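All remarks here apply to the structure that follows.
Note that the chains take the letters A, B, C, D and E in the order they are written out, and that residue 1 is the start of every chain.
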Amino acid sequence: MSGEPVLEIKNLNVDYGLGDQAVRAVRDVNLTLHRGEVLGLAGESGSGKSTLAYGLTRLLAPPGVITGGEVIYHPENAEPYDVLGLDDRGLRKFRWAETAIVFQGAMNSLNPVHKISTQLNDVLEAHEPKMSAHSRTARAREMLKLVGISPDRMDAYPHQLSGGMRQRVMIGMALILQPQVVIMDEPTTALDVVMQRQILGQLIELRERLGFSVIFITHDLSLLVEFSNRIAIMYGGRIVEEAQATALYRDSLHPYSAGLLGSFPALRGARRELTGIPGSPPDLKGMPTGCSFHPRCPKAFDPCAGNIPVLGNPDTPDGSARTVACWLHPVKQPVA
Amino acid sequence: ACSDSPNAGNKNASGGNTFLTVGMPNGPQTENHNPFLTTSAGASLGYRWMLYEPLMMWNPVKPADPAKPWLATGAEWAPDFKKVTITVRDNATWSDGQKVTAEDVAFTFNLIKKNDAINLAATPYGEVTATGNTVTVTFKSSMFVYKDKWLGQTPIVPKHVWEKISDPSKDPNKNPVGSGPYTLKSFTPQTTTLSVRTEGYWQALPQVKELRYTSYTDNNAQTTALSDGSNEWSFVFIPNYKTVFLDKDPAHYKVWAPPVLGIHGLYINTTKKPFDDPKLRQAMNMVVNREDIFNQAEAGYFHPLITSVTGLPSPAGDAFIAPEYKGKNQTVDVPGAKALLEQAGYKLNGNTLNDPSGKPVKLTLTDPSGWSDYQTSLEIVKSNLAEIGIQASVDKANQDAWFRNVEEGNFDATFRWTNGGSTPWDIYQTVMDGKVMKPIGTAAPGGNFGRFKSDAATKAIADYANASDDAARTTALNTLQKIFVEQVPMIPVGADNVGMAYSTKNWVGWPDDTNPYGAGQPTQANALDVVLHLKPANS
Amino acid sequence: MTIPTSSVEQVIPGQGAMAQPEPAKPGRARRKRFRFVANGKALTGLIVLGLYLLFAIIGPWVAPYDPDARGPALTAPPSADHWFGTTHLGQDILSQVLVGTRGVMLVGLAAGALATILSVLIGVTAGYLGGGWDDSLSALSNVFLVIPALPLIIIVTAAAPGGGDTLVALIIGFTSWAWGARVLRAQTLSLRRREYVEAARANGESTWRIIIFEILPNLTAIIASGFVGTVIFAVTSEITLAFIGIGSVSSWNWGTILFWAQSQQALAQGAWWWFVPAGLAIAFLGTALSLINFGIDEFVSPRLRSAGKTKIKTASGRTVRMRVGFTPVLSNSSAPHTHARPIPVNTAAATPVNRSKEATQ
Amino acid sequence: MTLSPDAKAPAGEVVLEAIGLTKHFPVRRKLRDLFKREHDAVHAVDDVNLTLRRGRVVALVGESGSGKSTVARLLAQLYPRTAGDIQLHGESTRVKGGRPFRAYARRVQMIFQDPFASLNPVHTIRYHLTRSLKIHGNAGTSADDLERALADLLTRVSLTPPERYLDKFPHELSGGQRQRVAIARALGANPEALLADEPVSMLDVSIRLGVLNLLRDLKERLNLAILYITHDIASARYFADETLVMYAGRMVEGGDSESVTQAPAHPYTRLLIDSAPDPDRIHNMLEDTGDRGNGEPPSLIRPPAGCRFHPRCPMAMPRCTTDLPVRLEIGDAPGHWAACWLYDEGTVAAQQPGSAAAADLVNAEGTR
Amino acid sequence: MRYLLQRILFYVFTAWAAITINFFIPRMIPGDPVKSLLARFQGQMSTDAIDSLYVLFGLDKDASIWSQYLDYWKQLFHGDLGLSFTAFPASVSQVISDALPWTVALVGITTIISFLLGTGLGVLAGWRRGSWIDGLLPTTTFLSSVPYFWLGLLAIYLLAGPDSFFPSSGGYEPGLVPAWDQYFIPSAIQHSLLPALTILISSVSGWILSMRNMMVTVAAEDYITVAHAKGLSERRVALGYAARNALLPNVSGFALSLGFIVGGTLLVEIVFSYPGLGFLLFRAVGAKDYPLMQGIFLVITISVLVANLIADIAYLMLDPRTRKEG
């Protein structure tokens, strides 16, 4: 499954604002998405998950700017190229055909004044202009069926569908061009658990069939553990830990990851006292020195306040497959 | 197809010796050629007189001159002016070819008599009978003061057309048939076009082949049209007319504003203290600068300056001025006024005049806000009165309120006009007639707004109207003038005018000071006479 | 002139996202109340408005002449004696403009205040109480909204004799509250469902206290914007009325000046100075008020603020504009660029491979 | 000082009880309905029974739109109820506004879901708390009293030192701090029962537990009765003594939290629990979905006859489509019950479970 | 459907209210058309004429307000708006029908152009923040703050004149008869240019601004980002997604602005002496021509209502959310 990389994020930095008003929301992020895998991105609110996702597709609204780094995309049968270096035309071609995005609120992602069919059609028209109208409709119907929506709802308007159906339409739309990468930014937080599970189940199934890779963003770490191959944890704009899902769940190295995991009461097993993570998320304008988590960290010690820990493979048995940025875990080999 | 268009020949906007452009600033019109309605397009623009003719042609500029025979060859009044015998011209025809007869004339008078709504002058008709080519009309009271207006301003209509009209006060008379030299060619809310008759007119046809009456939406538009030459004849107030109009083409653009026997002046409420004192009013009259008002408020022409102390305009009123006032002109005389007031017991304290009881003399001058010439006049009066210590303030009233207040006598002093007519009687009657006077608070629409109470004046007014000989009339009129001059119930300032702004570029022969054969205003009955006088400029 | 310039008014609430304070996002601080004064537009507007208010107060004292006083120079162009020239009576136009300021401002503010009070009363009541109250009050304001205001004002003013400034202000105030009421009603409806209102109710607050202390403070921006909008409308209406010769007649305002200029055909006489100053005075006042309204709009909905700097230079020296959908890429990262090898951009590779028929697995 | 944490009433005393609580929201009538007899209504809550005792937390779990908030609001008397009864200390109460409402609010206070929306952005923390104290007469008589009461409130919700928070505006606080202020405001009334409507669902994961732990702490110290509304069944297990499950306006299961979560009886509860993310159950999603209950909650305007869950229930029997299930004891733990015909032996014997389950799930989806 | 029915009910109610207001206003207020007529003939008509005018206009009747109200409705149902005083005895409906086409043509077309132009520019300005159009905004704001009439006067002063292409007044050249021919049409168009320009200049900025603001608001919506993410062409995103949605609130605004057509541009008609309804109303007011005032006001109100209804229908078609199914 974890074959060659499909998307490499290198030293990505994203700012909001220019000059002295700028705040850096994503800092030196290095992350690799492999072909066919589900990469979970977790972290509390404001940690920069969405910024990273939008940043690598260059969809950030003003005043967001990408202030450095590269996003290397590896097409299946061609040379890799830097998404950040594409011109408008290139970017438009790249989008959706190679990387599709599903946002949190489906009601807001679908244009309320156009029919579902129109919005599906738009995509095909833009990317495969040669396709006949008939086959476009056929493809759209097929796609809807794939996500479990009866094709006769094609001509419905978004407001005529329920929240779950809308989200499925969005997933169907994301897959209509069979992209290599699907980015999902909290696609199910607005839905209740039953619906969430249904949709995610369908997504997994589709991934098996179509073989795309997924970047899945949520703050619900327990969901990710269950659902993704690898998980990256963000804090204060940085990746603080990254590992196989099971490894992370069983043995999280970074205290923040541990704190996150401990924030979800368990449904089974012994009832135990949970504390969550004390304190509040950092302010981007006045980041603590050193490890940005240290003011909240139960295990903080001297070096934490002094220097920013480097993300790298820790010196643990399975260390080569995971990375962490914490002074508790000396880094064997820094990433990038 | 182009030749079918009604516009084919009309595109050339100005000039030409075939047509004359006439204008009035009266706004869009609706198709209505009823000559009896003041609201009709015919009356509003004045072309009713080109279609319908009066019995006599009376010249309001020289009201004392005898009226010219027109549809009638003559009119014989009984000495008491309660009966008239009119001889109708026998060579006139209606535009549909039928002859104009005495029957038609009698029918017209009966029509008016029967319909109060079109009896605008409230003429007291008695019997109307037609025999042969004469019509005899009797009246319930003396017509002396009204006779010229009546004969000169009643349009005669054909019986065979109007007897079919059920309500003459509501009928738009879409297909006018008249005895005049013109017939209706076309009508639009903006422009009415008349063309000259081909035959059957009782005198030589006019040289103007076509008359185009345009109703401009307001004074500005009318003035602009005059100054760019697209309009050649109008009656409109042009502020600073030299710059705005004459200077645009000094050789051809002309303004003529002959006064008539109707005036504008400052009515003073004679019931209010201390203005019930004639001495005070005299003094006020002495300081009001009529010339300033004439030049600044009336643009130096519009309400011709009244110089005579009698308030009678010149030349229209010259013939009526009493011997004692002949040549006596009003001049601003501040020291004289002060002296007069001193004598009468008033005290000038610095800038404040105190009346004999010690109270400062104050008054409010009022006129509707929209009437800019009156407002300007009031401002001037205000500063004039300040010179003798009278503190005046100017109130810009709402027009409706003003009408009501003036009629009810709720004012200190106000600018207003008087009625006009063929003798000065109308002027004095409006100002001083005790018969129409009502107590303060009751509307007196007939006149005497200042509540001037003088039995002598009331009697003289009645005497003049009912007198059966000229001597009695002269005596009565002289009495009226004396009272007017000494009691000053109103401070006369300017005359009404029947003038015009016109261009001699294409047409000449207009009346002017050298030949004031008629009124210049295109809505006057005289307009027909004027058109008949016009000749192409280049011939 | 009649199309409300404020977008808060322009936009039908409930459909646009306007007029709705941006929902505060977790972790992001809400903007402070009086921040909008710092807005350049609003500040300019306020300063100009302040000047007008100043002249409204001191105008009659600083005016060099009595505006009614006749002078010897008739219809004279601007000169050292008469900065704005004179009328046909030799009156000083500068003095008329200065003295007229008070009338204009008084009527504008009074009418604006009246309309605002009415709109708050009606709009907030309808929105908060709901039910039958809402139905009837909304119907009322809809009727007033649809009935054309200016003709109505003209007819009523013309028909009411002897009216002064007060009457004009009253009439304008009574006929122009409907917009505000409608906007406020919609806003109140949404506020009523806000949890803090419900929370206050659950805590036992009385209805009137909820309306006054919980809801009204959150409507201030909209009320202010409505007020400013009505003032603009009132000022133009008043001047219009004076210009066509109805309405306020006993005092000087700019409309009166223009009325005289028009009736004396200042244009045809070439006396431009007669109507230019008054017109500019109106235009600047209107602009100032509009600016204040923009300021309020932008305060209420920060997105509308045109970003201070929208163009940036990339490392390669290209100028890039910030725009939606295409985030600019800068390379002035403060962190050293560790991965220095530039990847050659293969434009051919940028063309997506047509994978539609291909099975992927 | 009227805040009296020590005046302990016996734990377990019933504070608030809902009996057959029902709420139907009338649907705005359409023009063409003018001549129809019956009125459409949203059957938001039907026949709900629930008891809040001192010192105990009752959790109300259910998916979105199942009527949880409506129950809370009914209990807070913010909505008039359609039927049923609310008894405060055994006495039936129905208050609409004014003084009686205040008196009721003094004893029953509500905490809202969204701490970002439940504090008025224009008022300081001081204003919010002062109002609460004043309304309920807990502000004392002097400025000092008030000051002390305020400090006491903030200390009680662990916002210390109080001075640091008193004069701040809500936007200057973090989500967790705001929710604490909201709790403090509720405590200002010195209530006996707290109705907490999803008090942590809007908070960041890392601070949720802090607030829940605070609530639990308060419950113990002040001997409060708490209704805890949530859609996260795991947190119900963590926090509540007793858990009730709601579906489409009706209670479907209840019992102590442990039995309900560990041995769910009602098919809906099972669906809910199976759907909840569970890190211990890795990569087995595919097996779970499919035969489990699918589709969407039913229309509440015309709720399904019989058991409201039957259109989605994999175990549905013919009887489920016609008869409203009654509360049936499960028997595994005292007080554990479910409203499901599966626990009626007679029915199960006569009809095959699952025999009336919906066949085509995709097409069964409602669209309204 | 339900939405539409509701709206129609509202319109019926509003029409009733407007007509009733229309009935009462002139009646509640003192004022005398005869006096006003006299005023028009300042000094030219003798005081004797007054009585006959009262008779002429039938003003001396006394009837209870209620029976007048009933009569008024009876008349309205017969399409009879009474007789105009100023154009006596022409009927109000005739006077209005003479003027209406002018207003509809000039102001209606100009308003539509202004809306389209302003909306177009607003779309550009909102889409391309910080472009030259943003720089244009202060100017247009200033221009829109200038009263219509003043701008008109200025335009006449600067652009019209004896030798200018632009006539300063009227709807067509005097002497022409309204007809669809090559003389009249160009003249009518020529006469409408300046007034149209005036209206355009002062009204366009409102549209630019509101459209720009709506665009900015809409541009931040998720579905716009999604549209970008879908790789749609800039045109498609800007027009099909952003502008299409941003337009919705402006449709209602447009309907309301139709209400200002006559009211707001009355001044333009006055200044340019344009023979339209606004000018007619102005004259009717001046002359206390109550029947005419009532008639015009009624026509204005009804046309506003109709415009609103049309906008409602347009809205219904543009926004699927208002279309309820089932």
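Just so it is clear, contacts are C-beta pairs under 8 Å (C-beta built on N, C-alpha and C of every residue); 3 or more make two chains touch, one makes a residue touch a chain.
It should be emphasised that the depicted structure is a prediction, and the values quoted were computed from it without experimental measurement.
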Any chain touching chain A and chain C at once appears in the list D, E
The chain pair with the larger count of contacting C-beta pairs, comparing B-E against C-D, is B-E
Averaging each chain's Cα atoms, the one nearest the global Cα mean turns out to be C
Chain C to chain D, mean C-alpha position gap in Å, rounds to 46
Chain centres from averaged Cα atoms put chain D and chain E apart, in whole Å, by 56
Chain-centre distance (mean CA atoms) for chain A and chain D, in whole Å, is 33
Flagged in chain E as touching 2+ other chains are 30-31, 129, 219-220, 225, 227-228, 248, 270, 286, 288, 319
Chain B touches at least 2 other chains through residues 220, 224, 227, 370, 399-400, 404
By the touch definition above, chain D meets two or more other chains at residues 174, 204
As the complex stands, chain B meets chain E at residues 1-2, 5-8, 10-11, 13, 21, 23, 27-32, 34, 37-40, 116-122, 169-172, 186, 188-191, 193, 212, 214, 216-218, 220-221, 224-225, 227-231, 248, 262, 264, 368, 370-371, 399-400, 403-404, 417-421, 426, 430, 445-447, 496
The chain A residues in contact with chain D across the complex are 44-45, 148-150, 153, 156, 160-162, 164-165, 191-198, 200-202, 204-205, 219-223, 225-227, 245-246, 249, 259-261, 263-269, 271, 274-278, 280-281
So, in the complex, the side of chain A touching chain C is made of residues 10-11, 13, 18-19, 27-28, 45-46, 54-55, 58-70, 72, 75-82, 84-86, 88, 90-91, 93-94, 97-98, 127-128, 177-178, 209-212, 281, 336
Interface with chain B, chain C side, in the complex: residues 68-70, 74-75, 88-89, 161-163, 245-246, 249-250, 260, 262-265, 267-270
Touching chain A in the complex, chain C uses residues 26-27, 307, 309-310, 312, 322-335, 337-339, 343-356, 360-361
